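Each of the next two complexes has subunit A plus one more chain, namely subunit B in the first and subunit C in the second.
Right after this comes the complex of A and B.
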């Protein structure tokens, strides 16, 4: 016998998520699966590969320390960026939370404003600030403080600065959302029991905002370690990150199997960190932060 | 009913009368109550920008007593409580705790226990760390902390719950932990900010008894804020009835309930019947012609001139119905009847679009809607208010 459809029919639920499921399958799961399969193909010469299965790509990745070095450096730069984001992002988040300013939404809006300009253009703007003909160098030269331009661009510092610029709003929003979730009477309670403001911060506010901070750290780390545009524009060849390596392997050497191997490696490594985070913190915090 | 501006001048004599330590208050347990009050407010004003939350508030609270600030929401009672803790700055006047001025003492140096409506337990700390919190910041040695926390948990009847997280406890248990946390470091004053409002009805009653018991055992001075008259009447040594930022009346539960000083108090506590009338015969046994046409005899503390406008305030419990209605018999019709077991509450239409409520013991059967009923009251059983809503005394 056929059942009549109702408004909360579970079959209806499947129908509603079907488009998203199909999108995910065709544009996420399938491409990754194809890439994973590619890692076992044989590289013949630039632009040519055969489907003869081999482990040569994985063997090369695991034995050539060149790749391991790249990976470690990428993780290091990602970690430094995330930590700097955490340190620099906590204060503005705390300020927005604590301020008695009537138009808080304006401050939050200021965090969103950068997203109105293309990320690439924002990154390019650093060239006008840090470059040899950039604002800082020209000003310092005019003032006679320096006699030749300072080399501020095309180094690791510039890359990290560029990524900070891009990632700070994510950190601030994440921390802000978790601060906003704190019951303020907890702070009054701590104060009434003998805490100074600083002690109350250490006992109550900081520990209760840690989930947001951790979510921000993960997000910034993953985005920084997976970045490609920023090191390309603001770094020299030596400052390339894993993303740039993948680009070179595929677009420069036309070695698709090796490029696929490196992509899957980055995917697995960053996925590993996300999994650890989820195990201890749960994913909900990140979702909250992105939605806040 | 008098408006706010009138009231600002009224509380002065009321407050002054109460400022005598111990006047009208039952002897505090422990016998340390004599002399210095535990908390004293002198002409406190509190303003948020242009909004004046509290004006000219004066009160002196004897050591070891249980005082309740009672009033509707927005009357300033919580603001006063928070000002003792230092969570709100006062804009005028003085607050003294044990004779020491505390206006300039920062929150964390005032030795005060606070219990919040929302419990405010630290969700990331277990019960032990929550209760030990105040002791830790008073540099109490570790073994002493363990002992005192154990004792406090014993007192709130939750021994052995040290390792639990607040989220693993029920609302009532959480509030008991909050109480333990507030008294464990032996504060000079315990402040309770509507601590029962978040609990369900059964739990509320149980906690009421428990809080009162613990307060008696420890002999701590407690200030309790509530909008619930039942809580106020059952727990307090003294009640401060507040309205619109000012004191309406201060007295023992019985004084406040039986001899309300103003129309507001009469209405807010127990919804008294208020019948407008005019004095038709002056003298010891004064006669009042009610707006509804009937004439009643009432006892008046002082002679009033003929023609004075008065309001007769009658508690529903002071009314008798049926055959029991002897003096001041008014006849009416039952509008509604609620059976409460031992007694019944009748809503009685006495004509002139006026109905009065009577809460009378049941003799025979409970009358139904539409039946005629006689209602009466003793001339001594009422309170008279003047035209401004102030009690005539």
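Right after this comes the complex of A and C.
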């Protein structure tokens, strides 16, 4: 006998998630699977590969220290960027949360305004700021503070600065959402029990906002470590990250099997960090941060 | 073996795509066959539809502006066929896109000569041009056509222009006398550490390292010495540029004072009044560019477009606009004074004064050297 549909029927749940599930399968799982298969293809010459299966690409990755060095450098730059985002992003988020300004929405809007301009153009704008004939150098030279332009462009500092510019809003939004979830009476209670403002912040606000901060850190780390455009535009060859290595292997050497191998490696490494976070913090924080 | 009607039409289609048949002949035969047997092949509707546009992908910037202004716009006005344009900064980038697209999505490429031609041939991306449809090819320099024909007797590309990658320098910092005296060694001059640039391209880097080590770029004997020189330039360099626009930006803003550079882009900077000098040191890297028709393109329209581009009046206007000499033979076509003054221009029509890369030699080493250069450029 056929079972009748009920309000919380599991079949209904499956029906509702089916479109998203199909989208995920076709546009995420399947492409990754194809790329994973490509890692076992044989590279013949630039732009030509065969489907003869080989482990040569993985062997090269695992035995050549060049790739491991690049991976560590990418993780280091990603971690520095994420930490700086955390330090620099917490205070604006706290300010927006704590302010009594009646048009708070305006402050939040200001955070989103940079997204209205192309990411590439925003990155390019740093060349006109940090360059030898950029605003900073020209101003310092005219004021007589320096006699030679400062080398601020095409180095790791410029790359991290460019990524901070791009990632800071993500961090601020994450922390802000976390702060918004704090019951303000807890702070009042702490104050009424003799805490100073600083103590109330340290003992109540900061610990309760940590999940948002951690979510922001993970998001900034993953996006920074997977970055390609910023190192390309603001860095020199030495400042390239793993994403640039993938680009050069696929687009420059036209070696798709090795490029696919490197892509899968980056996917696994960043996935590993995301998995650790999920284990200890829960992905819901990121969803909250992104959704506002 | 007996062929089915469907198979026959498929073969007919292949011949058309390869350029063995003109579009008119193909459509006539297809329509006749379809009428006779009542077939409707999946591609037939597309083939029978009139071609309204041709896709072109080039290097962008001043070069493509000139092609658009002096060739594409007049061509569209004459034929009503629109030329849809795309750009790329690096030709490997467009090859990747072509590989992932279906035949016909990309049609005509402003390609970097024989070195890249091999890549298209290896990848099975080339077509076969019907040279009878491009009568203006008769004016094209034979020494430019020969290297292509060596690789594929039936051409898929027609040479269009040429130039050199010489040395560009900021005349406010480096005098023409110093540049002339030092030549290619300027790229290794420690005095300009942090102000040196270069094209982020394996061939250019290895070529200039060959000149610095006194080796023949088309027969390198000591690769260790080459890579040592490449590293030396890397350590002095501020930035390796990856597009003509970036080169012009770095030079015009004074970020770099000396670099290897494309002659036409330097000429464009000079026209804009920037204090940039240019010289071709002995053995300077010469290259040619061609109009390549990809497999799956509407051959008749593409051939017509290239023929229009090779018309002396069009070709001369484009050459003056993009500041690169045309592929027209100066012994057959009267070129202008402006073109004769362009860097790299060869008035003899023999191209003997220019050193081109041996395509087979370089293709043999391309994979390994590109990989090594990519590593060195990232600090290895």
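Quick notes
Simple rule for what comes next: the second predicted complex is superposed on the first by the 273 of 292 C-alpha atoms of A that agree within 3 Å, B and C clash if a C-alpha of one lies under 4 Å from a C-alpha of the other, contacts with A are read in each partner's own complex, and residues count from 1 in each chain.
The working rule: a contact is a pair of C-beta atoms (placed from the backbone, for glycine too) under 8 Å apart; a residue touches a chain by one contact, two chains touch by 3 or more.
Only a predicted model underlies this, so the values are computations on that prediction, with no experimental measurement involved.
With the two structures aligned on subunit A, subunit B fits next to subunit C without clashing. In the superposition on chain A, A:237 makes contact with subunit C only, while subunit B stays out of contact range. With both structures placed on the common chain, the touch criterion links A:196 to subunit B but leaves subunit C unconnected.
Contacts of A:70 after superposition: subunit C is touched, whereas subunit B is not reached.
Looking at the superposed arrangement, the partner reaching more residues of subunit A, out of subunit B and subunit C, is C. Judged by the touch definition given at the top, the superposed model places A:106 against neither subunit B nor subunit C. Of the two partner chains, subunit C is the only one touched by A:250; subunit B is not. By the touch criterion stated above, A:15 is placed in contact with neither subunit B nor subunit C.
By the touch criterion defined above, A:139 lies against neither subunit B nor subunit C after alignment on the C-alpha atoms of chain A. Between subunit B and subunit C the least C-alpha distance in the superposed model amounts to 47 Å.
For the contact definition in use here, the subunit B contact set and the subunit C contact set of subunit A share no residue.
Contact residues of subunit C toward subunit A in the complex are 90, 92-93, 95-96, 99, 119, 122-123, 194, 200, 234, 237-240, 249, 253-255, 366-367, 370-371, 374-375, 377-380. Subunit A contributes residues 45-48, 66, 70, 127, 131-133, 151, 153-154, 236-238, 240, 244-245, 248-255 to its touches with subunit C in the complex. Across the complex, subunit A is touched by residues 85-87, 106-110, 112-114, 116, 118, 120, 122-124, 133-134, 137-138, 181, 185 of subunit B. The touching residues of subunit A, counted against subunit B in their complex, run 183, 185-186, 188-196, 199, 203-204, 207-208.
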